[in-house]
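After this come two complexes, each holding subunit A, first together with subunit B and then together with subunit C.
Our next item is the complex of A and B:
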C-alpha cells in the first residue's frame, strides 16, 4: 500500500495525462478538471496531515545504486503543509480562471499543451515542497523551472515571450547550478541527501558554508531576489493565469521554501545578515521600480519581488512561522491582483496602466482589486496586515534596529506603490469591465480569503507550535500609520499633482532604467556568451581542426597507397611470388 | 630415376608455370601456367613419397587427390570464364582491371 502522502501530487499528474490525450473539443474544459484536481489535492493534503500527528515523514524506496538505497521521502510538516495548501488552493482558482481567460482565438491543441504544462508544474511544485531529500527536491525543482520556461513562452510566436522565457530559464539555471553544487557538497560532507539528517548533523565549517551559499544562490534565483531578479518582470510576457500561479503565488515561493527548509543550516554558518542584506536591497530596488513602472503586470511583478523580500527578511531573523504566514497571505492577495489585472487587460486591450481608466466605484472588479491592494499594503483588518505585523514582531524581537527602520520604510513604500497602481488603473467615471464568471469567481473567492486571512494567523502559528504574536502593539500602530502615510503620499502626488518634480529626480530615472541591473545581467550574459563563443572558436579551430587534419592526412596517404593496386593480375601474381620468396629468405635468415 | 633428377624436373616445370603466369597476358596461357605449377607440386610430392617412405604413402596420395580435384574445379571455372570473355572479344588479362578500387 502506497502511503497516503505520496498520492498528493497524483491528481495534477493525472490531469496532465488527461490533457495530453484529451480530444480537441474537450480542451477548453480541462480547466474545470484542473480545479477539481486542486480540490482533491487539498483534501489529500489534509487527510494525510490528519493521518499523522504533527510532523510526519513517509519513505518509499526509489532506487539503489552502488550498495546504497535512495529513498523517496515525503515530509509533511507545518511548512510543507502550508505551501502545498497554497499550491492546491491557488491551483483551484487558476485553473478555473484559465477557462475564462483563454478565448476562442487559442487553438485547442495549444490549450491542451497549456493545461498539461500547468498541471506538470503543479505536481512538481508539490514535489518540491513535500520532498524530504535534497536529491528528490532538486529533480522536482528542475521540473518546476522547465515548466516555468514553457509557460512563459506559451505564445511561442511572440518574440518578446520567447526572449523572456529564455531569460528566465537561463537566470534560474545559474542558480540551479549553484544549488546542485551545494547539494553535492552537503552530500560529500554528511554522506546523505536526507534533509532532516543533514540538518541534524550540520556543523559550521567551510564546506558547509560553501554549500549554504550554493543553496542561497539557487533560492534567490528562483525567488527573484537581488541580484538574480531581472527575469521576473520579463516573465510577465506569459499568460496572466501563469503570472498569477507561477510568478507570484507558488513557483517564486520555492526559493523561499528552500531557505526556510534549510534555515537551521543557513543560520548555523552565519548567513543571517547576508540574507537580510539581500532582502533589504531587493525590497528597496523593487519598491522604487514598482513606483515608476507603467505596465500593469510588471508593476505587480516588482511588488512580488518586494513582498518576497519581506519573507526573506523574516526568514533571516529565524521567523519561519511569520515568513510562511506571509507567503500564505501573499499568495492569496497577489494572485487576486493578477486576476484583476488579467480582467482589466481583457476589458481594455492594453497593459499600460495610464491608458486603462477603468470604472471606480461599486463594481466587482474595482472592489476585489481594492481588497487585494489593501491587503498588500497591510491595511487593517486584511490578511496582509496580520502577516506583516508578525514579520515586524520577529524583527523587533531580533533587535536589529537598522533592519526594523528599513522595514518601516518598506511598509510605507509598498503602501505607496500599490496605491499608485490602483489609482492608475481605476479612475472615477471610467469604463466598466465585464468578465466571464470563470474569471470573476476565483477573484472573488481570493478576495474573501484575503479579507479573512487574519483568522488563519493563530492556526498557522499553531502548526509551527508557536504562539501568535500580539496584534496590537505600538509597533503595529506605527506601521499602520506608515501605511496611511504611504497612501497619502500617493494620493497627493498622483491625484493632487503635488511634488511634480518627483518623477524627474535621479532616483526615479534610475528606477525607470531598472537601476541598470537588467543591463548588468544582460552584460553578464553577453560576457558568458563571449566566453562560449571563444570556446566554440577554440573547439572549431583547434580541436576540430586537429581531428580534421588527421583525417585529411590519412585520406592523402590512402590516395597515395592505393596506387599500389594496379588491377593488373601480373602485378598481384608477382607480389605473391616475391612475397613468398622474401618470406622463405627471411625464415632462412632467422634460423 | 633418381630423386635429384625428378626434383630438377619439378622445379623446372614450376618455374615455367611461374613464367607463364607472370609474363603472359593471354588468359588461357596464364591458366595453363597455373596448371603447370600444380603439376610440378604433384610431381614433387610423389617423388618425395617415393624417396622418403616413412612419411606415409596415404598422406601423399590424399594430397595429390585433393590437388587434382582443385585442378579440375579450377579448370572448369577458368575455361568457363575464358569462353565468356572470348565471346566478348577479350583475351588480354590487362583489359580486366575495373575491380581495383
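Our next item is the complex of A and C:
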C-alpha cells in the first residue's frame, strides 16, 4: 500500500501523461482536466493531513547502490501543508484561466506541450514543498527549473522570450550548483539526506557554514532575491498564466520554502543578519524599480521580489509562521493581479500601462484588480493587512529597530508603487475590458480569497502550534497610516502632478537603469563565454598544436634518417668499416 | 552465450560481404538478433554472483610458460557495456540506412565486425585476446572513418589511428610486462600484488596513458573532435557510445581491479585530472558553433566524471562511474544520431544556420532538447543518477576538495542551454522537414535513458554483480 502522501503529486503527473498523448482536438480542454487535478490534489493534501496527527513522513528508497540508500521522503507538516495547498489552489485557477487565455491562434500541439509542462511543473513543485529528503528536494527543484525554462520560452519563435528563458535558467543553474554543493557537504558531514536528521544533528562548524551558504544562494536564485534577481522581470515574456503560477505564486516561493525548511540550521551558523540584509536590499531595490516601471507585468514582477523580500525578512527573524502566512496571502493577491493584468493586456493589446486607459468604475476587472492592489498594500481588512502585521509583530519582538524602521518604509513604498500601478492602468480612460468566463472566474475567486484571507490567520498559526499575534497594536495603526500615506503620495504625484521633479532624480534614473544589476549578470555571462573561447583557442592552438608538432617532428626525423640510405656502395662500405672500428674500440674500452 | 554474442555479428558481417545487395537487411537482421540474444542472456546472468560468470574457456596456444586461451566471461562492470554495444549496434545500423549509399556491403560488414570486436574487449578474460580485439576495433573504426567520412576524413582517420595507436603501444608494453612478470595472461586469476612497487607503478603509468587517450581525458583528447566530426553518424554513435568506454573499462578492470593500491596512491591526482578535464571540456563545448563538434567535446566532459568516479575508488564511486559509462553511451549515441538526422535534412552542423529547428522539425528538435537535458544531468534521466552517485562518493572521500566537481555540473547546463537557445529555438531561415525519418532508433534510446533514469535500480542491480562494487 502506497502511503497517501505519495499520491499528492500524482494527479498532475497524470495530467502530464494525458497531455502528452492527447489528440489535437482535445488539447484546448486539457485546462479543465488540470483544474480538476488541482482540486483532487487539494483534497489529497487535506485527506493525508487529516489522516494523521502532526508531522507525517513517508520514505521510499528510490535506489540503493553499494550499501548507500537514496531515499525519497514525503514530509507533511504545517509548512508543506500550506505550500502544497497554495500550489494546488492556484493550480485550479491557473489551468482554468489558461483555457480562456490561449485563443485559436495557438496550435493544438503547442497547447498540449504547454499543459504537459505546466503539469510537470505543478507535480514537481509539490515534490519540492513536500520533500523531507534533500535528494528529493534537489530532483524536484531541477525539474521545476527546467519547466520554468520551457514555459518562459513557450513562444520559442520569439527571440525575447528565448533570451529571457535562457537568462532565467542560467541564473537558476548557478543557484542549483551552490545548492548541490550545500547538499553534498551536508551529506558528507552528517551522512544523511534526511532533512529532519540533518537539522537534529547540525553543529555550527565551518563545513556546515559552507553548506548553509550554498543553500542560501540556491534559495535566493530561485526566489529572485538580490543579487540573483535579474531573471524574474525578464521572465514576464512568458504567457501570463505562467507568470501568475510560476513567477509569482509558487515557483519563486521554492527558495523561501527551502530557507524556512532549513531555518534552524541557517540560524545556528549565524546567517540571520545576512538574510535580513539580503531581504532589505531586495526590498529597497525592487520598490524603486517598481515605482518607475512602465510595463504592467514587469511592475508586478518587481512587486513580487519586494513581497518575497518581506517573507525573507520574517524568516530571518525566525518567524516561520508569519512568513508562511504571508506566502499564502501573497500567492492569492499576486496571482489575482497577474490574472487582471492578463485580461487588461488581452483587452488593450499593449503591456505599456500608460497606454491602457481602462475604465475605472463598476466593472468587474477594476474591482478585482482593486481588491488585489489593496491586499498587496496591506489595507485593512484584506488578507495582506493581516499577514504584513504578523511580520511586523515578529520584527518588533526581535527588537532590531533599524530593521523595523526599514520595514515601515517598505510598507509605505509598497503601498505607493501598487497604487501607481493601479492608477496608471485604470484611472485614465474609459475602455471596457471583457474577458471569457474562464479568465474572469479564477480572478473573482482569488479576489474573494484575498478579501477573506484574514480569517485564515488563526488557522495557519494554529498549524504551527502558535497563537496568532494581536491585530490591534500601536504598530498596526502606524503601519496603516503609512499605507495611507503611500496612497496619498501616489495620488499627489500621479494625479495632481505634484513633485514633477521626482522622475528626474538620480535615484529614479538609477532605478530605470535597474541599478546596473542586469548588466552585471550579463557581464558575468560574457566573462564565462570569454573563458570558454579562450579554452577553445587553447585547445586548437596549444594542445592540438603540440600533438601536430610531435607528428611533424617525427616526419622531419624520418626524412633526416632517410638521407643515410644513399644507395651508394662506398657510403655503406665506409659505414661498415667505421662501425667495425667503433665496436673494437668499445670492446677494448670495456675490457 | 557470450560466444554467440561474439560470433553473431561476425557471421552477419561475412554474410553481408557474400550478399552485398542485401547487406543492409542482413545487418539489420543481425543487429536485431544480437539484441534479442543480449536480452536472452539477461536470464542467464545472475545478479547475486559477485565476480565473473557466463564463463567459457578453450585453451588456444602456449608461449613459453604463458598459456593463452579463448577465455570469456562478464561481471557487473562489463555486462552493461555488452548490452549497450548490442543496443547501439542496432541504432548504428538503423541510422546508416538513410545515410550510407556507397559501398554498403563493406560498411555494414565493418560495422558488424566492429561490434563483435568491441564486445570482445568487454568479455575477454585473457590479455592476448583482449589486446587483439582492442587493436581490431581501432582498425575497423579507422576504415569506417576513412571510407565513409566527411570531406576531411583522411586527416581525421590517420590522426585517430596514430594517436590511439601510440596509446595501444603503451598498453601493449604494459600487458607484456604483466605477462612476463606473472607468467600468466588470465585476468580472472591474475594477482599482481607480489610484484615490486616500482614495477606496479610502471605498469599502471603505461596503462593509465593508454586509457586516458582512449577515454579521452584532456589534454590527450584532440583526436576525438576531428574523428567525430568526420566520421559517419554510425561511426560517431559507436565511437562515443562504446569505444570511449573501452578506456574507462580497462582502467577499472586492470587498474582498480589489479593495481588498487597504485590507484589509491594516485587518487587525488586522478580525481583532480578528471574534474579538470570535465571543466575544460565543458568550457570548450560552450564556445563551439558546430553542433557535432560540441557533442564530441561533451564526451570529454562526461568522461572526466567517469575518471573522477574511478579515482574515488569506493564502491559507490565505481558504481557511479560504471553507471555514468552506460548513461553517457546512451545519451551521446542519441545526440549523435539526432545530429546526423539534422545534417541529413539541412546539410549543416552550423548552430547559427540551424536556428529555429523547432519550427521546421519539431519532433527532432524536442528529442534533441530531451537528449540535451539528459546530458546536463536532469533528474528523471540517466545522466543525473551517475553524476549524483559520483558526487556523493566524491564528497564522502574528499570532503570540500570534491567541490571541484560542482563547476563541471553547472557548466554542462550552460553549454546545453546555449546550444538549445541557438539551435532549437528562435526564428531562422532554415528550410527542412522531417517527414519519413524512422523514429525507431531515437525512440529506443530516449526510452532507455528515461526508463533507466527513473528506475536506476535496473542497471545498478547488474553493476553490483562485480567484486569492484
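What we mean here is this: the second predicted complex is superposed on the first by the 540 of 591 C-alpha atoms of A that agree within 3 Å, B and C clash if a C-alpha of one lies under 4 Å from a C-alpha of the other, contacts with A are read in each partner's own complex, and residues count from 1 in each chain.
As a working rule, contacts are C-beta pairs under 8 Å (C-beta built on N, C-alpha and C of every residue); 3 or more make two chains touch, one makes a residue touch a chain.
Just so it is clear, the structure is predicted and the values come from calculations on it, not from any experiment.
S.K.: Of the two partner chains, subunit B (first) and subunit C (second), which one does A:162 touch, if any: first, second, both, or neither?
M.R.: Only subunit C; A:162 stays clear of subunit B.
S.K.: Hey, is it subunit B or subunit C that touches more of subunit A?
M.R.: Comparing touch counts on subunit A for subunit B and subunit C gives C.
S.K.: Between subunit B (first) and subunit C (second), which does A:568 come into contact with in this model arrangement: first, second, both, or neither?
M.R.: First partner only.
S.K.: Could you tell me if A:577 is touching subunit B, subunit C, both of them or neither one (first, second, both, neither)?
M.R.: After superposition on chain A, A:577 lies in contact with subunit B alone.
S.K.: So in the superposed three-chain picture, is A:506 touching just subunit B, just subunit C, both, or none of them (first/second/both/neither)?
M.R.: After superposing on A, A:506 lies clear of both subunit B and subunit C.
S.K.: Between subunit B and subunit C, whom does A:65 touch in the aligned arrangement: first, second, both, or neither?
M.R.: After superposing on A, A:65 lies in contact with subunit C but is clear of subunit B.
S.K.: Go through the superposed model and pick first if A:528 touches only subunit B, second if only subunit C, both, or neither.
M.R.: second
S.K.: In their shared complex, at which residues does subunit A touch subunit C?
M.R.: Those residues of subunit A that touch subunit C are 62-68, 70, 109, 135, 138-140, 142-143, 146, 149, 153, 156-159, 162-163, 165-166, 169-170, 173-174, 176-177, 180-181, 184-185, 187-188, 207, 210, 528-529, 531-533, 535-536, 539, 543-544, 546-547, 551.
S.K.: Inside the complex, what are the residues of subunit A that reach subunit B?
M.R.: 562, 565-570, 573-574, 577
S.K.: Name, in rising order, each residue of subunit B that touches subunit A in their complex.
M.R.: 18, 21-23, 25, 30, 93-94, 96-101
S.K.: Please give the residue numbers of subunit C that touch subunit A in the complex, ascending.
M.R.: 159, 162-163, 218-219, 221-223, 280, 283-288, 314-316, 318-320, 323, 356, 358-359, 362, 373, 378-380, 384-385, 388-389, 391-392, 394-396, 399-400, 402-403, 406-407, 409-410, 413-414, 417-418, 421, 424-427, 455-457, 460, 463-464, 469
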